[in-house]
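Down below is the structure, laid out as structure tokens.
Chain IDs A, B, C, D and E follow the sequence of writing; residue 1 opens each chain.
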Amino acid sequence: MANVSIIPSGDFKTSYAADTTIFPTKTSRNFAILGVVLLLACPAFLDRYWLSLLIQIGYLGIAALGLNILVGFTGQISIGHSAFFGFGAFASAWLNNSLGVPVALAIPLAGVVTTGVGLIFGVPAARLKGLYLAIATLAAQYILQDFFGRADWFTGGSAGTIAEPLTIFGFAFDTDERYFYVVLVAMVVMYILGTNLMRTRDGRALVAVRDHYLSAEIMGINLTKYRTMSFGISAFYAGIGGALYAHYLQFVSVENFTILFSIQFLGMIIIGGLGSIMGTLMGTAFMVLLPEVMQAATKLVSGTAVDTALNLRENIAFLREMSIGLVIILFLVFEPDGLAHRWKQIKAYWKLYPFSH
Amino acid sequence: DIPIGHLADQSGGTSDVGVPYAQGVSDALAYINAHGGINGTKMAVDSVDYGYQAPRAISQYKKWSSGSDKIVALQGWGTADTEALTGFVSKDEIPAYSGSYSGHLTDPTGKGPHGSKPAPYNFFYGPSYSDALRGMLTWAAEDWKKKGGQGKPKYVHMGANHPFPNAPKEAGEQIAKELGFEVLPPVQFALTPGDYSAQCLTLKEAGANYAYLGNTAGSGISVLKACQTVGAKVQFMGNVWGMDENAAKAAGSAADGVVFPMRTAVTWTGDAPGMKLMKDISKISDPSGNAYRPVHYMAGVCTAYYMKEALEWAGKNGGLSGPNIRKAMYQKKDWVPAGLEGVCIPSTWTETDHRGMTAVNIYRASVKGDTEASVDELVKSGAIKLEKVATEDVPRKPEWLGW
Amino acid sequence: MSGAPVAPHPGSAQKSPTTPAETIFEARGVNLRFGGVHALTDVSFGIRKGELFSIIGPNGAGKTSMVNCISGRYRPTDGKVFFKGRDVTGTTPNHRAALGIGRTFQNLALFGHMSVLDNIMVGRHHLLKNNFLTGPLYWLTGARKEELAHRREVEEIIDFLEIQHVRKATAGTLSYGLRKRVELARAIALKPDLILLDEPMAGMNLEEKEDMARYIVDLNEEFGMTVVMIEHDMGVVMDISHRVMVLEFGKKIAEGKPEEVLADPRVRRAYLGEDDVEDDVPSASSPPARKEVA
Amino acid sequence: MPNAATAATHHAASDAPVAPPVAAAKRTMLSVNNIEVVYNDVILVLRGLSLEVPEGEIVALLGANGAGKSTTLKAISGLLKTEDGEVTRGDITFAGERINGIDPDKIVRKGIFQVMEGRRIIADMTSLENLRLGAYTRRDGGVKDDLDMVYGYFPRLKERTGLAGYLSGGEQQMLAIGRALMARPKLILMDEPSMGLSPLMVKEVFSIIQQINKDLGVTILLVEQNARMALQAAARGYIMENGKVVLDGTAEELRNNEDVKEFYLGGGNEERKSFKNLKSFKRRKRWI
Amino acid sequence: MTLLFQLLVNGLIVGALYGVVAMSFVLIYKASRIVNFAQGEFLLIGAWTCWWLLTSWQLPFWIGFPITLVFMLAFGVILQVVVLRPMIGEPIISVIMVTIGLSIVFQAAMKWMFGVFAKPFPQIFAHATMNVFGLQVQTVYVVSLAISLLIMAGFGWFFKYSRLGLAMRATAFDQQVAQSLGISVRQMFAMSWAISAMVSAVAGVTVGVVNGVSSALSFFGIKVFPAVILGGLDSVIGAVVGGLIVGVLENVAHYLDSQWLNWGNMYEIAPFYVLIAILMIKPYGLFGTKDIERV
């Protein structure tokens, strides 16, 4: 009668293999697969608006995962992530425009190139810790932004550059319906890679460095190597995300890769849950959807009694902005450890149900 | 109804000019609806503040351009979002009227000598940033002679290294050379307020005579003040979004004498046949009818009215499809929307050339005494005046198309 | 960074002569200074392969500092340390781990947010081959196979230390004693030839000390690891260690068989605080731990 | 139930608060009644624990790793909150006043001071600054003298003028204890004060504990692994095991209890077996 | 008198302003290890409040300004009680995120209340500008320089010697330990936030007077990060020194740029290059205390 409870209480694992799967139970894995299948069907019944949101969640989610590996798993705060995201975008466009690399290839290559940049800006990580490092990444943000602005050959300068749509064997992924699949595949792959990384040697090493770098070193972990490496990895994810973004918009401009964008990335992973892979995705969805929800909400308000009472009119925009901020604050006040944590607790609860305690 | 999308920046980085412009657009559209709409059918205008964040603009656009009631036209706003949407609108064939006037939006075919990407569905009312600067420099050359200046006047481009300030950079420096200016290396300052004494000191040191302020008002004010403080005597030339009544007020005496391009033939206090309709439209959001409207408001109204007449024409000739509306934009030469005569400046768009306006009206801000009172009062009391100094007709050189 | 192999008769200063064959670790004239503080002054000693070597001494005598010099946390201000005949004075801690030095810490240093299992798996770091390229391609590159193989060995360690019940628990939430045990497990996972234990029994009651002692003895006898132990419980030290070194104020004041060392009046005074010989003087053999009762 | 002969009262799963004869004589300063503690809303650690600390006495609390000793102390001092643990049942009264749920800093002001497990000194301050902070809640002028007193007890601390973080483990332990003395509380909760101290220092510390108890009349609840010393210093003792008190009585009684002898004091009256030749399998003693 | 010299003077004077803002960061950091991303908004709120008192209420500066400071004190406390108290003991980074949320809220609220247009500050000094070593500078800059030095001296003493100062540092190091010593973490936080808010008001008014008040001023918050780090996150003196250095750097960079390099934008970027360079040599800034590496 073991298969009655959805989540078995206690460990019934019979082999270590069974104990090291991505998903704790068969059910949860089936749910995940079901989810992906549902997503595959999305373009059939969702309009472009929703698809574009999902696409955003997709490429932002990939980049955010990179940031989470850096901040959440390795404990190195970065407020320059959008710069790497941007670099990936420009790189992919440039590879395609100037070197004629097919987009399908340019995207992963952009990831690789960005990794290089990440490693360069990761060098300070060898010596800097905590917020000192964070501000060093802020420097990366500004330095790269400035670079985008002046490197006409690479970014088209301040005017920006065009990015061709992704085409494979003449089939162009130039509509949301089509591009959705590109992003979906990329996302699933990148997330699986991420999950695997975190449950193997180097992933563990990163976390060890975060939790106690002194003893990590004694355990034979080369601090400099892993501190820098995690910058490389996060940059790789950022690059891929950026590249996907570029070929979705088909136009890249320096204007978009600001510090505010970097801070949004931080928001995604903190709200999603530092050091949680699935949380990253949840957090990204949260941050992408929040403005939309608030937009809709304020739409409802406008023209109602509330509106006239507060005499909002165009000020309704401020009301929306404020509520976005407030939601973030309230969320963190009630769930400081992020969505992933809440999710865990719910699961823990059901696991022991009805004997929680 | 006729679905219309309206992107506005009321809360974001450019809200200081975004708010009045958006107000103009929505008032105008509301007024049109109140008076018979488009050939009798009303427009369903959806005004959305996107806080000057491109991603939001995109998802908003997707919302509008999908589903059953796709928008037939878009009233857009800033550089970031307009650039981001250019590709989409041309694919979806949705005419987009932007508040971004950067040169390469004027090239519908992309065949221009500077090979920017084609922007067949982008329109804007006003001189492109480049043409505006060309106009001002032409004026500056004359002004230099008039003042009896000795030797080559020195010109410098000032602004952040961003799309908006840089848009007219090369165009300006190129024509400046032709006009016999000595072009100094550009001076950069951030888009945000700060201390720019350093920049002003170098201007002073280099002895610049004419300087173009490429940024928006916020940081422009800081520069004006700093230069006043360190005593750098330079003739500043603002840009369309960089100088207006509010900026003049904030900068106070530092703004005195700054020249800038204007997109309407008159300001709110000027008189022209069209001002009557203008004032009626203004009553939509200000029943009392005595609010003072800054220049951007009027520009917003004009933009909305060009779209209105285009819609009407299209409605009569084969329906409100994107291509039709686009076609409609090409119907008239020296086009002035009915009722706004003497306010909106005659404009002409063609299939191959979206430089609607090449006549640049140059105004000078004059600020006297302190500027604590509200803009209305300041203008009434004459503490702030915007005086016309010249109209420069910039030639439609083909090689200038797209930049 | 390999140094010259140890000279046939190292550290002539040494009382107990050691031949390179049996010396696994050797310190020669190690000095360690922190500003004004002389943590270690000219300490020389050798540890024989397979021996259970204890370091005792008053608080602040320099025991942990010595261990830090062995494991590479600190670099001697001067003097050299040799491991397996190689001069390792300049090598980094992570390098030394690879060479076969593992350790536990006096103030717990677990990876607080990781599960006990992962904590121990980290110990396998230098034994695992997969990396940031092969790891993510879990199934394709055999990373999975490798991980599982090591997991199996880790489970053996877990059984050995009897911490199965907390296998999945987050290390940070364990009680003090359990954490110390997990730390030991992590150190063992390195498969070190030389394992350094800094006060492994602090904060344990007798029963647990007995267990811990048993583990250590087994490590030494069954697993054949050379053990260096810092411990304040004289009972344990006297019973299980082969040789003892006593530090005081950073200087070595005695070294040798437990009972010899214990006989040394300086040690008794400096360390046990049995200043004047009381009426019931314990014979060196009987552990003074019990004398504390008196 | 083994050797019920001993005078000590066993109470297996009973939750009844204990009123030991001794407590009757002296006024009880602290009493913990049948408390239940849960961490992160799920992990139940204390299951109905009760104990009493008479005024002016030293009470020892013994138990295996993970029994919940530190948790008990944290529950009393209110520090549980800071580790998302909470007292879900029962109550804790100090000097007749219910104190569970109160903020830790307020509890300190009431006169309860905890010496936390694992030193927990403020690493980036000097030992002097650490000691001064010990006296943070004090207003009286006596701080200066107490400083000398502490330095008198631990001269080592005076020598080491650098940052406390660089002190040796034992030195840090001394500092932690010294900090508690600086606060001059009514009740000190000591979590394994002898940990990491050399035999000499252990003696020293225990004599200090007895001294402040006698001279300054400070009441002390002592969690200790060194049962031998603890039961010598203490007047009464409690022995707990996964979240419950399983045995309690006067120090005397406990010292003579066979189980306690075997599992806490090491060897009964027969000769103590050497750590060396322990059988790999040994009988484990559990009361429940 | 050369351009370079003028630029140096200007750099020092503006640097002092950065110093003030930097200090307001340090104050919060020293008591809570939190970096307050809403600092810029604090500055803005201070500026608007003072502007409002001076214009709507026509108060003279020497009355309006003190009131502003008092208001900011109260504001800091209230903010701490309402928003940050529940976050005590939570992961620092979450709290940092909360401050980001706060900045969003305040940003919008300010625009709502005071509109989106920049507003000029009424004239407050008899002479708006004064001559320093032959360079005309805004009087208010010089005043803020004086103030900043005062504040710096004050806090330097406070944290080293005063009982509360120690308590704040203890709180920052380990909240649990602090509480176990009888330190009320709430009190400490409330205090530090209040003081910090007050200090940022000083800066807010200064920049407001010079540039006119507009929501864009909040950008100063992020702008001074290099200064904070350069001096060392937890050093009051470092904050001011860092500010001065950044100020001078900007101006010198601009000088080189405008005279020879003509790369443009060095003004903005150079400080960051130098920042990284310095950090690589001194990982904890010039005056920051390095954390203890001891096992």
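Rule of thumb we're sticking to: contacts are C-beta pairs under 8 Å (C-beta built on N, C-alpha and C of every residue); 3 or more make two chains touch, one makes a residue touch a chain.
Small disclaimer: the values here were computed from a predicted structure and weren't measured.
A.B. asks: Going by the stated contact rule, which chains contact chain C and chain E alike?
C.D. replies: Looking at chain E and chain C together, the chains touching each of them are A, D.
A.B. asks: Decide which interface, A-B or A-E, involves more C-beta pairs in contact, and give its chain pair.
C.D. replies: It is A-E, judged by the count of C-beta pairs in contact.
A.B. asks: State the chain with the largest centre-to-centre distance from chain A, centres being mean CA positions.
C.D. replies: D
A.B. asks: Taking the mean of the C-alpha atoms as each chain's centre, how many Å separate chain B from chain D?
C.D. replies: Using C-alpha averages as centres, the distance is 76 Å.
A.B. asks: From the mean C-alpha coordinate of chain D to that of chain E, what's the distance rounded to whole Å?
C.D. replies: About 46 Å, centre to centre.
A.B. asks: Quick check: how many Å separate the C-alpha centres of chain C and chain D?
C.D. replies: 29
A.B. asks: On chain D, where are the residues touching two or more other chains?
C.D. replies: Where chain D meets two or more other chains at a single residue, that happens at 166.
A.B. asks: Can you pull out the residues of chain A that are in contact with at least two other chains?
C.D. replies: Only 146, 149-150, 214-215, 218, 315, 317-318, 320-321 qualify.
A.B. asks: Which residues of chain C are in contact with two or more other chains?
C.D. replies: Touching at least two other chains: 64, 73, 105-107, 109.
A.B. asks: State the interface residues of chain A toward chain B in the complex, per the touch definition above.
C.D. replies: Result: residues 47-49, 51-53, 56, 146, 149-150, 157-160, 162, 174, 176, 249-251, 253-256, 291-292, 295, 313-318, 320-321 of chain A touch chain B.
A.B. asks: For the complex, which residues does chain A have touching chain C?
C.D. replies: Touching chain C from chain A are residues 11, 16-17, 19-20, 192-194, 196-197, 199-205, 207-208, 210-212, 214-223, 229, 233, 275.
A.B. asks: Can you tell me which positions in chain C touch chain D when the two form their complex?
C.D. replies: Interface residues on the chain C side: 34-35, 37, 56-61, 64, 106-108, 173-178, 199, 202-210, 213-214, 217-218, 232, 234-236, 239-240, 270-273, 287-290, 292-293.
A.B. asks: What residues of chain C sit close enough to touch chain E in their complex?
C.D. replies: Interface residues on chain C, with respect to chain E: 64, 68, 73, 105-107, 109.
A.B. asks: Mind pulling up the chain C residues that touch chain A in the complex?
C.D. replies: 71-73, 92-94, 97-98, 102-103, 105, 109-114, 118, 121-126, 128-132, 134-138, 143-144, 147-148, 151-152, 155, 168, 186, 190
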